[in-house]
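Pasting a structure here, questions to come.
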Amino acid sequence: MSPSNQAASLLTVTGLHKSFGANQVLKGIDFTVHTGEVVALIGPSGSGKTTALRCLNGLEIPDACTVAFAGGPEVAFSAGFKPKQAQILRQRSAMVFQGHHLFPHLSVLQNVTVGPLEVQKRPRAEVMEQATALLARVGLADKAQAYPNSLSGGQQQRVGIVRALMLKPDLLLFDEPTSALDPELVGEVLVVIKELAQEGWSMVLVTHELAFARDVADTVVFMDGGVAVETGPASQVLAAPQNPRTQAFVQRLLHPF
Amino acid sequence: MSPSNQAASLLTVTGLHKSFGANQVLKGIDFTVHTGEVVALIGPSGSGKTTALRCLNGLEIPDACTVAFAGGPEVAFSAGFKPKQAQILRQRSAMVFQGHHLFPHLSVLQNVTVGPLEVQKRPRAEVMEQATALLARVGLADKAQAYPNSLSGGQQQRVGIVRALMLKPDLLLFDEPTSALDPELVGEVLVVIKELAQEGWSMVLVTHELAFARDVADTVVFMDGGVAVETGPASQVLAAPQNPRTQAFVQRLLHPF
Amino acid sequence: GGSPDSGGTPDEAGASALQKVKDAGVLTVGTEGTYRPFSYNEGSELTGYDVEVIKAVGEKMGVEVKFQQTQWDAIFAGLDAGRFDVIANQVAINPEREAKYLFSEPYTVSTGVIVTKSDNTDITSFESLKGKKTAQSLTSNYYETAKAAGATVEPVEGWAQAVTLLKQGRVDATVNDKLTFLDAQKTHPDDSIKIAAEAEDKTDSAVALRKDATDLQEAINTALDSLRADGELAKISEKYFGEDVSK
Amino acid sequence: MDSNWQLFLDSLWPLTQAAITASIPLAVISFAIGLAVALLMALMRISGSKVLSSVARVYISIIRGTPLLVQLFVIFYGMPSIGLTIDPWPSAIIVFSLNTGGYCAEILRAAILSVPAGQWEAGYTVGMSRTRTLYRIILPQAARVAVPPLSNSFISLVKDTSLASIILVGEMFRKAQEITAVTFEFMLLYCTAAGIYWVICLLLSALQNSLEGRLEKHVAK
Amino acid sequence: MDSNWQLFLDSLWPLTQAAITASIPLAVISFAIGLAVALLMALMRISGSKVLSSVARVYISIIRGTPLLVQLFVIFYGMPSIGLTIDPWPSAIIVFSLNTGGYCAEILRAAILSVPAGQWEAGYTVGMSRTRTLYRIILPQAARVAVPPLSNSFISLVKDTSLASIILVGEMFRKAQEITAVTFEFMLLYCTAAGIYWVICLLLSALQNSLEGRLEKHVAK
């Protein structure tokens, strides 16, 4: 699964800086996602993983950063940046939220088709066909007409994933997609993500499930204090971390008590 | 840590039945907690673990059940049962909630002392001394004057545990005390619970952390569909479950993807 | 436009008040519509003494009369704002009002009466109101009269409320227009109240106009004079009060 | 007593008629326009722009801080002095709309803020603009929270229309006063009017309940 | 214009005095009593008892469904017919308290229900009774949610006290009318009164903000 070094780079993030007031959360992060690659962001709480991911989708406006997708657009964030420009990033990537954030007043089918139909203005027939296929793909064929409230947490998160896939993004962004789930329901979502990775989707994944990251990710970026402390192949960073901070973190999560 | 068979029984629950409307959630559960014993309730979501625990603290009124504490009271729930009678159960046991439910408008110190001072009417000096000691014990000596909002989830849950200990109960009830926590914070709470178990506190513990249950519990009760499907020493039920349902459940949690 | 010696101040359009009424062919009148027997609604029809008088005036002037019914609170504000040309609602003439508004010749001359419970014996004159409680409509002239007599005045919305307070024993008396009392007794005979005393001086009520409407004032006076001359005014008065109250 | 009963029956239809032809249409139209004003003000308050937010703040404060009666007076009797003469009905609609706008702005603001921020972000991430997210995602959810207090405001508005008589609108309370002027039975007439208001309010509450029920179903838990 | 200015200055003190001696005390006392009534009604509504809950429902519906003016009329002019004659001030306080009670009951109910059920249970588990949990745990937290709408109600109440003039309470609006009875400057006096109301409301809003700020700090997130 590890992409060869020759794989085309899909996304290049350079010099990602972000402060909230006086709190400097990201102090210059660089990383690259190759086509078909799975990058896992790990690190202690408050280290800026979520913030970094949100910047990629323009949900947070970095203070400075260049986000370049292969084949454009290249977005350079700087002082005079207008929030509207962020919208072009969203044409290339799609976010799956920790708390799924499904639209509670829309049915499952409406949830996943509202973007393609009303924003992307794609033909209805094509969108419906895609939706039916994807819902079936994650085991929710019979839930198309249901409302999010009537679904279990795991089902909701799978709908969230379909909603993102429906946008046909080049890159999927996952922010701890299982951390709000019942322990028993974690598995069903991880299985879906694992299959997507195997199908060749490019993704950036924030997770605390180290076992999962080791299994699925090609590259792991360990963040701490707003800096990418250690970056490398998953097997290496998680099994034999070099940096003492990485070591402590991995140790704490694998042996909590 | 396993209590000898001769250990005095502290709590005997017989014939615990509970329905919500037409939904029969508990269909007759029996179990015993010996003094100093740790009993873990495990089982799939919706199997009635939380409901069973809440019945022990009178937060849910069983349809039928006898709850007998050694040395009294023995409470027999039946049709004409008055919610007020449940209060006598709360003099023997104390609950630590999944979502901690600290009182947000009271300081940490007030949170843990409001019960002993205002309900139990114990002398102020004694209560303060106990509170200081217990807060120090869980590593929160410096947080006495802080408000719950300013604490991390793990700190909040530790305060929740101190609040329960302050009541000097004979039995501690834990409902998934770490499931609402950040993965990194789980450890600090589990460590406290493990120490309490080692100090000889009797407790009933609902948990999805199978590794923890195996390490800390003396007895494991596996519930499914409102019935105690399998009961036995922790090492046996978790490592070599007899019942196929227990086997499937344990398998699913230990190898999620 | 009005002739310079008429005193009519031309407004921004250059037309005098009278000219505007003539041009429109309509005299707009502000009135309460809830003040029996002067201005009230019988079914859906606005009627009453003041209403009929001003209608007759309009006829003499050769214009149509249109009514705007509003509360007393708003009636002078309405006149100020030009919502109507005149007020016909038993507006009593007094110095404060004359300082701000023009008045036509009076078309009602009446007296104030003190109304008490029938069994009341200690109120026999305006002097004996001193220290007593009376209920007065703020809108009426008698509010000041009662105050001047040394009474504690409870302001109320109208006759019905005043009488209710009187009968409930919450006030000792109400000073009111004699005509109102007589009309009320005619339609709702009630022997638990009586007239305890009558004022010596008369109260004149007239049509009120804006300060600048002198030519309209003249036109109305002319109309009133001819109504008086041909007996029309007396006839309307007879209809409502059984006597001529117009002088 | 008998004649009271007769009077009650006699006045029932005129009062009801006034309610149907004046009070209710006045309330409904003003409420509809007022809601639009309220939404605008609420959005200005949340906008993040200091200027817009201050303007909305001052507007809301004046509307809520001064009696409705005075607002009616100023528009109807005060405006002509600056050359703007507005007819009774338009005046009434303007004042009641602006008033509703001020009162409901805070309700809508709170309702919009009550929708989790994640819903905005989910809207953005499927490519929606701010405006589309507002209309398609946020407002339908805010509605559930807003309906009960809005319904309160509407019920108040229905009763407040009685003040319109001061600017020559012949609504129900005015009708009751007219009848009272002839019969002097103000208690009876006012109570009858109150009864009619009550019936209207009961209908509105029923409507509110059914609306809440419908919105409830699909709200995030 | 000059004489208007003079009149404005002359009337400022009498109006303010009336506000201080009548309008404000009336509003404050009625609001305090009304809150107690509202709490009672709110608890009846949540109680689970069908009877209590229905009683509260009907009460709230009548209060909200009928004009305040009529409520004042009924207590002051209507009660004597059943042999109960109540003085103006007590009448006003009764009516405004009952009215506040009806309006605020729903606010308090919603606020109490907004406190997570877990807080009740946490109260029970430390041994508290229902009542103690309510006062010690639930109400302090409900306060944060209740303050903004309660402050709305209070501001409305301040303005509504002007209706007390109808039952002979000499509050500010009545004072304005008395002055105008002589001078006829309704617009000017009403606007002056409105200005005073506005100042009171600004003060109340400031109070509300500081109260909210204080309550905000320790609320569950």
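Per-chain residue numbering starts at 1, and chain names A, B, C, D and E are given in the order in which the chains are listed.
Everything that follows uses one rule, which is that a contact is a pair of C-beta atoms (placed from the backbone, for glycine too) under 8 Å apart; a residue touches a chain by one contact, two chains touch by 3 or more.
For each chain, UniProt lists the protein as follows: A, B = Glutamine ABC transporter ATP-binding protein; D, E = ABC transporter permease subunit.
It should be emphasised that the depicted structure is a prediction, and the values quoted were computed from it without experimental measurement.
Shared contacts of chain C and chain E, meaning chains that touch the two of them, come down to D.
Listed by label, the chains touching chain B and chain C alike are E. Relative to chain A, the most remote chain by averaged C-alpha coordinates is C.
By C-beta contact pairs, the most connected chain pair is D-E. With centres set at the average Cα position, the gap from chain A to chain E is 52 Å.
The geometric centre of chain A is 81 Å away from that of chain C, both derived from CA atoms. Taking each chain's centre as the mean of its C-alpha atoms, chain C lies 37 Å from chain D. For chain B, no residue reaches two or more other chains under the stated contact definition. Of all residues in chain C, those touching 2 or more other chains are 73-74, 77, 80, 161, 164, listed in ascending order. Contact with two or more other chains is made by residues 73, 77-78, 186-187 of chain D. Pairwise chain contacts in this structure: A-B, A-D, B-E, C-D, C-E, D-E. On the chain A side of its complex with chain B, the touching residues are 44-45, 179, 182-187, 190-191, 194, 208, 212, 215, 249, 252-253, 256-257. The part of chain D that touches chain A in the complex is made up of residues 116, 118-119, 121-122, 124-129, 132, 136-137, 140-141, 217-221.
On the side of chain E, the complex with chain D involves touching residues 61-62, 64-70, 73-74, 77-78, 103, 106, 110, 148-149, 152, 155, 159, 162, 173, 186-187, 190-191, 193-195, 197-202, 205. For chain B in complex with chain E, the touching residues are 57-59, 87, 90-91, 94-95, 97, 99, 101-106, 114-115, 118-120, 147-149, 163-164, 167. The touching residues of chain C, counted against chain E in their complex, run 73-74, 76-77, 80, 96-97, 100-101, 138-139, 143-144, 154-157, 161, 164-165, 168-170.
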